[in-house]
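Both complexes below contain chain A, partnered by chain B and then by chain C.
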Partner chain A sequence: MSAGYHIVVCGGIVPDPLQTLEPVQGPAGWGLKNELMLPAILDPWAGHALFEAANLAKNVPGSKVWLVSMGPKAKLQQVMMTIAQKVPFELVVLDGPASGFADAHETGAALAEAIAAIPGLDTSKLLVFGGWQSASRGAGATMQVIGEKLGIFEQFQGVDKLEVLADGALRVLERVEGGSYQDSVVSGAPAVFGWATGELPEPPNNPQVGMQNMRLVMPALQKAKPVKLEKGPEYSGVQIPSQKRETRVVKDAPVDQIAKEIVDWLSA
Partner chain B sequence: MDTLRTLPGDDVRQIMWRFTDRYDIQMVVQSARSLARGLVARLVAEGARKTHEWTDHKAQLLEAFDTSGLTALFMDPHQGGFIDGPKNLALALVAFELAWVDAGAATCSLATNLALAPIHERGTTEQRDEYMGRCVPPLPGEDRAPFRGAFALTEPLPYVGVETNTLVGKLRVAKWEEGEEPILQVDKRGRFITGMDFANFATCAVDTDDPRIKSSCIVIVEDTDPGLFDRGAPTLKMVHQLSSTRDPVFNLQVPASRIVGGYTVKDGVIVPNFTHSEIIGAVFHRTRVPVALMTTAKLLSAVEPVIRYQRQRFRGGDASEPGTSKYELGLQAKPDSVLRLVDIWAAGEAGASLGFATARLFDQLDPTEKEKDRVFAERGVCGAKSQLTALRKVEKQAIEYLQMEAAPTRDEARFAELGQDTLVRFALLESLANILCPACKLWNTGNGANVMREALALMGGYGITEDCPGFLFYKWTDAQLEATYEGPEAVQRRQLSITMTNEVFLARLRIIIDQFMALGESKPETGAAVVAKGLALWLWTIEFLHRAKDPSGARLYHNRRQNVTFPMADALCWLMASYCQIGDVMELAEKGPENAVVAEGLEGTLGFFTDLSLVQAARAAGEASRVCASMVYGFGPQAAEELDAFDALRSQLDRSMAGAALAKDRAAQALTQVMIPEALDYPL
Partner chain C sequence: MSEIERQSMELDIVCVGFGPAMAGFLTTLTRGLADENGAPLLESAVMPGMPPQVICYERADDIGFGVSGVVSKARGIKESFPDFDPAQVPMCAPVAHETVAYLLDPHGASRRQELLGFADKALGFAGKYTSCCRDHAYELPYIPPFLCKEPGYVFSIGQFNQWAGSQVMGSGLAQIWPSMPVARVIMEEGKVVGVRLADQGVDKKGNPDACFMPGMDIRAALTVIGDGPVGPVGRNLDEILGLPEGNSQRDWALGMKMVVDLPEDCDLPEGYVLHTFGYPEPDIFGFMYVLPDRVASLGIFVPSWLDTPVRTGYRYLQHWMTHPYLWKHLKGGKMRSWGAKSLLESGRRGEPHLVGDGFARIGEGSGSTNVLTGSGVDEAWTTGVMLAEGVLKLMKKNQPFTKYNLERAYVKRRRESELEAEAKIAEKARDGFGKGFIQGLTGMALSGFTKGKLNMPGDHRDPNQRVPSIEEYYSGLLSAQEIEAIREECAAKGEPLHDALMDRVGWPSIEYDGQLLVSHQDALLMGGKVQAPGGYADHVVFADPNVCLKCRERICIDMCSGQAIAPDPEGGAPLFDREKCVHCGACVWNCSKPHPTEPGRTNVEFKAGAGGLHSVEN
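And then the complex of A and B:
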């Protein structure tokens, strides 16, 4: 395809996973303790989607990447200071909740509406990228909803590889059980891809790339549309998975010994 | 009452350190941070600091600086950089971010900038564009390696150190054909030269050894110049091992166009446009600020690992069960551990406020200084001495401007006229920069090193093992180098002992005292009144020291009397740091509510920072008061009226500290509640 793709990446922001996350019930429903104050990052799955999108756009001339993100505006701006340095894209902002407790259906609908409203977007060239899951919710439903709302029924989830074939068809590897892949070919755009980890490493930060992106990022943040989601599901109880850390710090342990201990632990 | 809920994030820092609207700087910060907590932390964890040699392992840093944009940060856009205008704040923040993990890496990143600084400050336009341009990493499609530099001022035995007036390095005319550019012979041995392992060029301070060269100067040598470019032996240093340091030997021939700032030929003599000391003054002015902030970054970086250690101290053993206070709070159940951490945090805040205020001031000073040079050139005022004389003449107007600025009403036309006068503006900025720059270099590093020792002590035995999280041991020892290089502590004190009696500065100080007295009345919780009283006592003592004599009849305030001038310089540093700290807290109070993220939890954050300011103000005023008392009484006996006047001021100061200990209790209590991340974001 000579004219390239219009790749729209959907990516939310999530609290930096190093933070202590503690669910608390506030006046507006469930949330995380001090959520707004915690440092945020781009959702890691969406991050993979974005890096793959940028790479695809680089290799297929005439392509363009948009990043569509819903989140509190001020928080998004902070995250953009890093993300904008990594790859070129144009930002579309929805000023709304990024909480993992917001309803996936509502979120998907708002994002689909924002995508449909992107000026100059050609749906015949449209590839919608996003995370297969997200670090805040893991519902695995948002991308599907977006696709349905946009009328795109070619959908792939848990994608690790996307290849443009000589005839313009797209070959997709989706994760299935037991570490295997489902290998599919779709004739071309439009399609939805929920990415797993992809194949590309995180690009280093480069303020020079960032400076170019920021020319569009700042106006996008300024004219962000406020979005109010309908009240989602009622949660009768919320709790973080109980975890038990048994970390030992052992220096200079031989690899064989580490492996043996892990095997012993697994088979215990 | 709400208390500090999480450790302060970027949103809070951007307000306090005033770069909320500078996206370019915010990105640079993120870029430096990910490099620091990624590659730099890995290098340290993998033991890269255990050798004196510059290894391939360490050399990964250079490429990482290039790809993350840090190398090009110093340059202007037309030279291949990406930030237009002065970059002192940006460079300071980068040093801060890198030193948060390892200050040697920070120094390594700044070394080429230090080499470029003489060219940047006083080089000709051609020199600037050429060398800055060559130091930018190759752009896509370009096939070249980035140029790297070293700055060679200090020399080996018998003059080991930085005697900036006596140089052993020599410059002679090697060849000078009629009508052609002279070829110079550079003979320089360097000692402790940072970046020397990979430098392609060095900016060397040399003295004239030839009647055909008028004065000392700084000259650029390159590794491809004919002659000897010997990198020399590595320094066997015990700190900052992630930067390279060697004792090079240069014996090279270079064209005279390599004299930084150019030269003129007068009666057959090469007259450099700038002597080496004129250039060095301008260079160290700027480069000392990031160094100051390197030590500060360490103090603030120690907070999180210390809290984690304190809380988890008793977990995992038989000694405590989940749910007990011993298990949940660990050492934080005991007041002393958190109270001491408050001191460390408060000192870190004050250092950061002082350092970043200085960096911002230089961002203002840079364009004004250029403007001043242009004005002087137009008026035919050349040479450092005549500039100084001309500037002294505008001091009165600068003071007039300050007084008008502080007054409730004024003659607006006159005020505007003075405000637009380049020389007045320059005198105002310069008089403050001449205090803040040596103050932050001296106080942040010297006092910072002492405070860092306390942070280590809070880690108990952990602190002095290689497993100490956050590399605190390295940070402590590294701090000593920061207090040493670019002029040891004595050099900063000496500069302050001269600049702190500048009339423009003293006039400003009087205004600050008034303003802080008023602030202290409306907001006693900030500690503004404590700082005001401390400054008032200091000012009184300085005036006293100028009029008083010791029993032998000798003047007290005298250049040679470092037992007077140096302690007074130290006392001023403590107070200026507190002054800047309170300014940053006021900024947060004013701008915090405008930012949705900061507004959430602002009451607690602000309350905590306010408590820290009061704690630090009381500490600073206490130091100043002790120093002033030792001056007034220590060289006595003095007249009873003098002593009475002093005692009255001092007791007012003591009384202004009401509530400071309660503030410390509150801050300590907050440290037992604050949320910290699950794990440190860089490895052991």
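And then the complex of A and C:
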């Protein structure tokens, strides 16, 4: 396909999963304790989608990648400093909440509106990429909502592989139960793909790519449209999963005893 | 092998390392690059029509990772931000109360000079009949003015750096790139013309592997180096140029710290500042700063003059925390994060060449830390501000960044500053510690009260010339045979020596509580959150492995903050595990063996590496 694709990747930011994420109820509803202090990263699921998008764009001449992201501006800027070194893209920013407690429908609607407003976007070439689920909210519904709002009904979730066939059709491998794949072929764009882990490693940092991206990232952050999500579910309670970690030093314990203790601990 | 073809990029100014110094530099520089309406005042030489292209490369995964908490008068910071509101920066509070306490040894395990032992007994006796000495500690009734930090702030440097960094990036006039280690400077005909980024996609030894991407050459008219005391670029430049005549970098300390959620019954007020000395070894200094929301930043400094060949910052930290004077506040607390960092305590005496053709040095690596007042963050910030003021002046006059011009624009400014005057007073303040703890304290008092006119002479040999053998150090406590047996037992288990030796000479075991007192490995997981992206070469390298084979002290293993250096069970040189390294750099200056070809350095080399600590709270 010579005309190329217009690939829009939807990628939110999440607190670094290495940090302790403790839910607390604030005046604006549920959130994470000290969330503004926590380092943020691009949602790993969306990260896979972005790397796959960049790879597809590289292999299909004439393609272009946009990253549409909703989150607090200052946090997005920090995340972009890392992400922008990886692959070329143009950033579209929505200055809004990135918490795992936001409603998927509201979030999807805001993202769809932002995608529809991208100047020069050709919907006949449009491929919408995103994370199948999210590190902050595993509902897996946001991508579906975005597709519905944009009127794209060819949707694939849990995608691990996307291949462009000789006739321009797209072959998709989706994860299904039992570790199997569903093998589908769609005639072409437009389509929505919620990525699982894909099959590409994280690209190395490339300062030249970063330099190119940043010239667009900074203006995008300055032009960020504020978004306020009002509706959404009411949480009656949120708890951090109980940690079973305990430190004990035992010297010279036989292997069998260690194994037994681990089994007992797991089944306790 | 022929030279690899590398990509190259041209900038106006390339910066290395984003710490307080670079934050000060970029804050001042970016303000001067645009007018009140944000219109550029200067034009890029490499990209005509654009503002000057300024990029800072930072090793860590994000700006503000892997540094430590601080109390500071923050004079320079307040000058840069006259309306500074601590509420804008997470974990920042004004200093409210300062205490200095001398800690007695409740276990009798630390090494104390005879006179100090006598003083301890006297204090212990007095404590029975008066309230001057409680919980095995004596609170000083008077804090010398040079140590006072009021009015100042307690804060997390990580949080402060993130805040300052976001202001800089928000200006759009400079870019800060994290997770991008810089390998070395590029020199041509004696002039620094830029830097080379570290190669990616290489194996542990640096050989090309899958996804090999040679580090780019970033060429710029000015290279600003602020990568700290163990930064590979600053050290690389020092290796090329040497230090100025008479200067040396022999005094170091390892700072190891935690950020802790204090227990609910702790009544220490926000802004409370405590400094301790006397325990776990007399010359290990401790600190605790109470931040907002019942969070405390606390830790110890293990100095290079502590001539024990077996020293572990982590275990010393736990003994310090469990001292009755501190434990009454900390029991029931919870670790939030943990980390370590080397401090260059040589101060002005360790100053490298501050400028040359095409480069300038700022921050702790430029010798700005003041060891008398125990401060370095604000001093580092101020060096950055001074350089930026000079650089702006040169750019506005369209003058090149020659050594001559940078001397006039930056070094002269620094020499005439209050920072320099205070650094001179502090220069010899800690010399006495080389002779002993009492001499050290006496020397500090002499320097502080006479404003540096009188000082205590000291012992200024390199650590690798000072450190006694394990047998010498434990003479009278353990026989050579006992030490050899412990050594063999530890070697068989692949464990470091320090725990076994400390246990044997009377240090009590640490009772883990699973949330504040945990094993060293658990601290790495729970508190340090170490990250090591793949595809980079090992950054800790033993210059001559044969020297390691014969080494009997192996302080690199015992002192390693992350247990990243371990004995080789097969008897070879120590093994290095990049996945655990917190990049504190303690191995570089603790090694007891000189470099095979450069005796002023040790047998450990610390090169460019990515990752390290992964927490902004430090």
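We take it that the second predicted complex is superposed on the first by the 242 of 268 C-alpha atoms of A that agree within 3 Å, B and C clash if a C-alpha of one lies under 4 Å from a C-alpha of the other, contacts with A are read in each partner's own complex, and residues count from 1 in each chain.
One rule holds for everything that comes next: a contact is a pair of C-beta atoms (placed from the backbone, for glycine too) under 8 Å apart; a residue touches a chain by one contact, two chains touch by 3 or more.
Being a predicted model, the structure only gives us computed values, none of them experimental.
Chemist: Quick one: chain B and chain C on chain A, clash or fit?
Modeler: Because the two structures are overlaid on the shared chain, the partners are seen to clash.
Chemist: Applying the document's definition of touch, where does A:55 land relative to chain B and chain C: first, second, both, or neither?
Modeler: In the superposition, A:55 touches no partner, neither chain B nor chain C.
Chemist: Pick one for A:34: touches chain B only (first), chain C only (second), both, or neither.
Modeler: After superposition on chain A, A:34 lies in contact with both partners, chain B and chain C.
Chemist: Per the contact definition in the header, classify A:82: touching chain B only (first), chain C only (second), both, or neither.
Modeler: both
Chemist: A:214 in the overlay: touching chain B, chain C, both, or neither? Say first, second, both or neither.
Modeler: both
Chemist: Go through the superposed model and pick first if A:248 touches only chain B, second if only chain C, both, or neither.
Modeler: It touches chain C, and chain B stays clear.
Chemist: Classify the contacts of A:72 with the two partner chains as first (chain B alone), second (chain C alone), both, or neither.
Modeler: first
Chemist: Is A:222 touching the first partner chain B, the second partner chain C, both, or neither of them?
Modeler: Touch status of A:222: second partner only.
Chemist: In the superposed arrangement, which partner chain does A:204 touch: chain B (first), chain C (second), both, or neither?
Modeler: In the superposed model, A:204 contacts both chain B and chain C.
Chemist: Now that the structures are stacked on chain A, which of 1-9, 163-171 or 397-405 shows chain B clashing with chain C?
Modeler: It is 1-9.
Chemist: Just which bits of chain A does chain B share with chain C as contact spots?
Modeler: On chain A, the overlap between the chain B and chain C contacts is residues 16, 18-20, 34, 36-39, 74, 78, 81-82, 85, 204-208, 210-211, 214, 218, 249.
Chemist: Under the stated contact criterion, what part of chain A meets chain C in this complex?
Modeler: Spelled out, the residues of chain A in touch with chain C are 16, 18-20, 34, 36-39, 74, 77-78, 81-82, 85, 201, 203-208, 210-211, 214, 218-219, 222, 245-249.
Chemist: Please name which positions on chain C make contact with chain A in the complex.
Modeler: Residues 7, 9, 55, 57, 61-63, 65, 90-91, 159, 162, 165-166, 169-170, 172, 175-180, 197, 200-201, 211, 213, 216, 218, 336, 512, 514, 518-519, 522, 526, 529, 531, 535, 614-617.
Chemist: Under the definition above, what is the set of chain B residues touching chain A in their complex?
Modeler: Against chain A, the touching part of chain B is residues 5-6, 9-11, 23-24, 26-31, 34-35, 64, 67-69, 72-73, 82, 467, 595-597, 600-601, 675-679, 681, 684.
Chemist: Spell out the residues on chain A that touch chain B in their complex, using ranges where they run on.
Modeler: 16, 18-20, 33-34, 36-39, 72-75, 78, 81-82, 84-85, 204-208, 210-211, 214, 218, 249, 251
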